[in-house]
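Let me give you the structure first, and then I'll get to my questions.
Which chain is which? They are A, B, C and D, in the order written, and residues in each are numbered from 1.
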């Protein structure tokens, strides 16, 4: 069994109502996409399609097919700020 | 010549553009271009009271360093990037990028490039407080974290 | 909103980039780009000790104002242009252009354009003092006073 | 007869050894180019082809075929500084 730490930021943090939590993974080959789907089940208030949620593993952006390792830190990254809105 | 060609800071303090410019300056340089990203008083027609920035700090710092390093490998420049977190009043800087170069063209190019890249990949978010509410501002179109991914 | 969209200064005093940036800033603006033209310690391989600037002051001021005015009619911006005269030590600014804008693209474009235009038309000359001599620096190729002439 | 004021700057000032002087023009239709040729005769140390010297009349750049008026201020403008040399 593996355990990963999940971090929530900005809108996801407010919607999930949590900044960080540990999540256990039972299957050996669980990938990032599967974890995100699971997270969206636990935190149904997160307003985003699981397929489109961007995440980083150990401070590096990863594709959804990336397989998780025990001890990974997974961060859910909402679209970053600024964009055309500010400058 | 400074020992390192770039410097990155994430801070809750007011930004100091002169200090960033000083870092990016050298006696070899004829040009410096300094970008100031400033809190505006409106988004479209909505009146903004203040902005609040949140970051995934260690990753944001890493990403800013990657951008600065990439800039220094593409152009013969010195770079200072400062991003502010927390509450930022109207008219105050949230981002300062200073680029010093022997010639102006590379300074303009590199500074402009850096702002685009910062918006595409650095995990920093902005919450707009306006009259009657607040909202997280994200730019789903501008956010392209995996596009330039190396490795 | 300031009453005038641009400000031009020619002075023997040290330039103050913060003051220029302040002029070009507005609560409507999200971006400011500030160009610093700085005295270098060398031209090609020659070691420069100091630079000395001379101007045809009333005409230089008029030309800088024409450039600032043209910038304000081409982009939604505020502009401050400061040029220094007299002796300028290595590492000090001879030119500062600050451009404030709602969006960064126009600020970068306008700032870059202004420096090109200043070099093409404004009657300001530079004398390089190096070890063993001095020379007036002119750029016959860059000097294009009549190209954009109106009237 | 017309009189114009001629201003010299930078390298031209040093080469001519004068900052400003009055010059009388006898012909009615003397243009800027003719005045410049005359100036180069008076000040042979000016290092520039008369045809290529740029000048302003009353603080505005003018072509060499521009006809001078009484009281005009003519400034001889060496190539301006900066260029690719500095920034």
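Everything below uses one rule, namely that a residue touches a chain if its C-beta (ideal position, glycine included) is under 8 Å from a C-beta of that chain, and two chains touch if they have at least 3 such contacts.
What you see is a predicted model, and the numbers here were worked out from it, not measured in a lab.
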Please report the smallest number of touch steps linking chain B to chain D.
1
Write down the chain pair with more C-beta contact pairs when A-B is set against A-C.
A-B
Indicate the whole-number Å distance between the mean C-alpha point of chain B and the mean C-alpha point of chain C.
24
Just the number, please: Cα centre separation of chain A and chain D in whole Å.
72
Roughly how far is chain A from chain C, going centre to centre by Cα mean, in whole Å?
49
When you check chain D against every other chain, which residues touch at least two of them?
84, 86-87
Hey, what residues on chain B touch two or more of the other chains?
30-31, 37-40, 102, 104, 115
Run through the chains and report each pair that touches.
A-B, A-C, B-C, B-D, C-D
Partner chain A, residues of chain B touching it in the complex
37-40, 43, 53-54, 56, 58-59, 62, 94-95, 115, 118-127, 136-143, 145-146, 149
Please output the residues of chain A touching chain C within their complex, sorted ascending.
84, 86-87
Where on chain C is chain A touching in the complex?
30-31, 103-104
Can you list the residues on chain A that touch chain B in the complex?
7, 9-11, 14, 54, 56, 59-61, 63, 75, 77-87
Chain B touches which residues of chain C in the complex?
17-18, 21, 25, 27-42, 90-91, 102, 104-105, 107-108, 111-112, 115
